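In the two assemblies presented below, chain A is common to both, partnered first by chain B and then by chain C.
So, the complex of A and B:
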């Protein structure tokens, strides 16, 4: 199959998966919308769908919703990084699902550094972010080392670590680090000069974090596709035995991939904290890790497509939020939409018949071209 | 009163059994699936959905039996979904399971809000209160046994499903090792090509193990929302579906081993509940079961590694 056909196929597939998800969403919205007659339900469904699909970018009067757009961009930052983290780990066929706990851990460590270390401006945010990232790297290397050295499932251990991280952070937050002057459970405020500069004002909380995240995407894409490390990580994911026999130090790269994943997930938490918060107040797992898995699947485990996938997920998230404001449909619909897209997207045989047709068409054309060459040669 | 007299009471051992039961259901589901060569990580989400629909249907029908049946049916439907995507559409099974878990954690909240009409106003969405003692899975006092001091207090007075969980350990073992279908399941898990060469339909067996897993997870879900708690609440399964995977690995993939691993987990959790009762911060004791799981997996891996080394050494010395 030539490149153009392959592209046509992947675009068709993407559109089909999203279409099915929206169809499922429409059905669920229809069922859940309030109204006594079919007509009333139908119009409510339209209102909800409009809010979800168009609402984030365009207001009801048709003007561009700048605030909504900026919020989507801000929302992209954490899920871009957990998406990248998942991309790297899944590329090595390591099903480490710890970016959920990882982002919380990174956020908390960054918060502590940003509150308590007496460092000058510029240095403080850098140290805070790197501190959170490296700490999370070590955290996610625990299941990695256990996998590489003892063959223990990294998946189960990383899931357990998510719960442990959540409880321990809550313990520390409640006992040692709580700001007792505030009405709610949170830490002291970060030092003013730890916060990342905002790109635009108006309370959209879009910070320099977005730029940093995009730069990190470029770096990870380069590492994964232009360096020996990236090549070896992907090679292990494709065929671990082959990698072993061709002399790749498999345990090292298993640990490296998950360490890198941890670093990225932690950084997601760090940027989120210093970009959008003034104090740490997460009491439960934020869910960005799971969205990151969806992002990685949508991006086909290719770091270069992560921003696009993250934009899509952030858009949906914002859309569902708008929908629950303008209609009676709960915002958690996003979890179902996400799961449906996810299932079809990861399905190898989804539209396999169509792919087969394209392959045959290409083969026939190739054969025809070859024939013509032969005929010409026979003259 | 000494520490041991305080901790190791009749109620404590009673609570271990109560806490272990749902983990047994999930662990048996994971074991059957693993024996058939399927790693089902969607048990967590499956249990969440079974717990939700079980409690809702029990409430609307006014009968706990209907609730349990619906929970089982929900488990089967969800597992069929996983099977369809994994085997017919060839989605990576771990991703299919992850999708089910997503629906289990967020989608259930959506469904609860839609079905019961509760809104964001009710901060913690749950069906708590819908399940009254009348709708709870009935408790059974075993005659004669209940009158024996100590042992009676520990073993008698559990719910029907608790006893069923322990019985199912042996039924699962019998299914796997004493029936033709069990033989097929094990052969598919060990070598699908060999199995299919002697005429076993690999895909049928994989569907079968997922369905059995769905039934077991459904029972686990029903237990959670109709006995363990009085109704469904957000994230109530709290990782038991994942712990089941760990218990399966710790138990060497065998029903009896899985039971022991589940009991260890139950013990750890009972201990942590006890600890928070004495005033130790619950956030400090709640992670104990998860920590125990990791330690258990590591110990199991080291033991398995030592075992694997031994015959090798014998050969060298011979």
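So, the complex of A and C:
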């Protein structure tokens, strides 16, 4: 199949999956909406859908919702990084799902550095971010090393690591690092000069983190497609036997891919903390890691498409929040929408018939083209 | 006449979706109550033919009759309902279940329709076991029983399902001599009880021992049917391995110089306990093509795997230019100048979803020529790929095209374009032209000769007799993991004689075989 057809297919497939997800969502909204008559339910559904699909960008009076837009951009930061993390790991065919625990771990380590290390401005946020990122890199290399050296499934290990991380952080937070002067369970405040500069007013919490995240997207895209390390990571993902035979050090790249994934997930937590918080208070897994998996799948494991996919997911997230504010439908609906999109993307045979048609079309054209070449050659 | 035939296949042709023609106008007839051998080399179309009898594949054209009835065997279930059973070469058993459970799988006896009746399963197993004199331990877990017993379980499985016609696909391939003898006794027993047996093998001796008649296939075509008692191994081997068209390759005589690869006393026993390499020693010199002929499965694959460190040999030495290369990883083997055209090109030779460019790059991504410090030099990669596409006549749209979309011959050209251009001192070409078109075949053969004459040592492993005899300067025949023969000169080789060594009917004396060590 040629490139243009392949692109047509993936766009069609993406749109179809999203459309079906929203259709399912509509049904659920209809069922869960208040109202005694069908008519009442119907109008409630319309209100909810409007809030979800249009609300994030346009107010009820039709004017542009600047605040909503900036919030979406802020929300993109952590899921872009977990999305990138997943993209890198999935490219190597490593189903490491540890970016969920990873982002929490990165956030916590960054918080500790930002609270306790006596470093000057500029240096402190950099060290905090890198500290959180490198610590998470080591964390996700645990399942990677076990996979590379002992053949243990990285999926099971990384999943379990998420919960180990969560409970250890809770333990440390409750015992050693809690700020007892506050009414809630959270750490001391970060040092003022650790916080990332805000791009606009403090209210939207849109920080320099967005710029950093976009730069990281560009770097990861370059690494994956323009360097030998990224190339080798992709090759072991495509065909491990072939890679080994070609002389690629497969165990090393299995570990590298997941280490890189850990680094990125951890950085997501770091940027989130220093960009949008003043103290660490996560007590459960934030969910950004799971969203990252959806982002990676939507982006087709291509880092360049991660911002787009992240924007979409952040938009939906914001939309669901708006919906729960303006109607009686709970915001958790986003999990269902995510799950449905996920389902249709993971299903290889979704629209397989359509793909087959495109393949046949391409094959026929190729055959025709080959004939023409032969005819020309025969002259 | 017709009702005497258990199976009758008329003008069967089978073309697979990838364009491979596995059978062409094959006629195959099996009489009721006989043991009928289906013979031929690997790739001769035996497996495809029996798969069609068992409903696993459907013929492209032709008709199949079972007991005189015209049938359409659309699935194994249909075949089973017609009384056909098959014992696969690779056992289809669940290792964690017991023998009895395996035998009743899919037709489980139950208590009041809900609970599995394990006692009944054991009862059924023991009843059949006794009736057909196939001794198995009904309560043992399949994982814990020997290979010979597993085979009996497979046979029982077919019998319990009411099979009257049994297909056995290379049943002796995994068995020891004693187990083979036992199996043969049981098969003759079954025949005497009125069963019809179709027996696939390429081992001549055992065919002569137990079959009544035999059908021979070569290159997917029917080569005749013979009464076993009226024939002899020479006739059969000629029919099996005889050469068709001889593709001539022009080549000057080799002028071999220093030893490049030295293999000494290699021994290897595989995980099933079968000895695959038995005291293999040879020397390959600069500038020559050393061919390794043999029926597949006689240790050639293991030899290549040993050199390229895909398996750990039990003992012996492998030296490249005097330096041991045992336990050297593939990256270092390649650095030392070993190239491999792998037997299974789709599994090892390429990443099907990656582009031609990416497939060429796989062994040289670290080359300073392609790296500007950190980043790839995309232009250099692109230019070199385009050059290789031109040099190796790879038919494609662009270097970006997915390799998996190319034809078999062009995929193989991508593989050789990579393997022949990384400055090798030794090229191992394992079945380099299997299943590819004539044009690509000729091209690759010419390249191999050209490279060897430029001073590269070439080890050519091929089950294609024509190919090894035509290309090699000298030739080893492997049989049963041993070197059965060594020919210093291939010009006047007789394929009849080769056939004898390949099929284990003859072996040269030690002195002649030792010559390949060039000591």
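Following the convention adopted for this analysis, the second predicted complex is superposed on the first by the 361 of 379 C-alpha atoms of A that agree within 3 Å, B and C clash if a C-alpha of one lies under 4 Å from a C-alpha of the other, contacts with A are read in each partner's own complex, and residues count from 1 in each chain.
We adopt the following convention: a contact is a pair of C-beta atoms (placed from the backbone, for glycine too) under 8 Å apart; a residue touches a chain by one contact, two chains touch by 3 or more.
Just so we're clear, the structure is a prediction, and the values are computed from it rather than from any experiment.
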Which superposed partner A:333 touches (first chain B, second chain C, both, neither)
first
Between chain B and chain C, which one contacts more residues of chain A in the superposed model?
B
Looking at the overlay, what does A:32 touch: chain B (first), chain C (second), both, or neither?
first
Touching partner for A:222 - first (chain B), second (chain C), both, neither
second
Partner chain(s) touched by A:297 [first = chain B, second = chain C, both, neither]:
first
If we overlay the two complexes on their shared chain A, which of chain B and chain C does A:235 touch? Say first, second, both or neither.
second
Touching A:124, do we find chain B (first), chain C (second), both, or neither?
neither
Using the touch definition from the top, say if A:171 reaches chain B (first), chain C (second), both or neither.
first
So, A:244: does it touch chain B (first), chain C (second), both, or neither?
second
Once chain A of both complexes is superposed, is A:47 in touch with chain B (first), chain C (second), both, or neither?
neither
Chain A contact set shared between chain B and chain C covers none
Name, in rising order, each residue of chain C that touches chain A in their complex.
308, 329-335, 340, 342, 347-354, 358, 361-363, 365-366, 370-371, 374-376, 378, 397, 400, 405
Can you list the residues on chain A that touch chain B in the complex?
28, 31-32, 95, 97, 146, 150-153, 155-157, 159-161, 163-164, 167-168, 170-171, 174-175, 287, 290, 293-294, 297, 324, 328-330, 332-336, 338-340, 342-344, 346-350
Name, in rising order, each residue of chain A that touches chain C in their complex.
1-3, 222, 226-228, 231-232, 234-235, 238-239, 241-249
Which residues of chain B touch chain A in their complex?
41, 85, 88-92, 94-96, 98-103, 105-107, 109-110, 113-114, 119-120, 238-239, 242-243, 245-246, 249, 281, 283-284, 286-287, 290-291, 293-294, 297-298, 301-302, 305
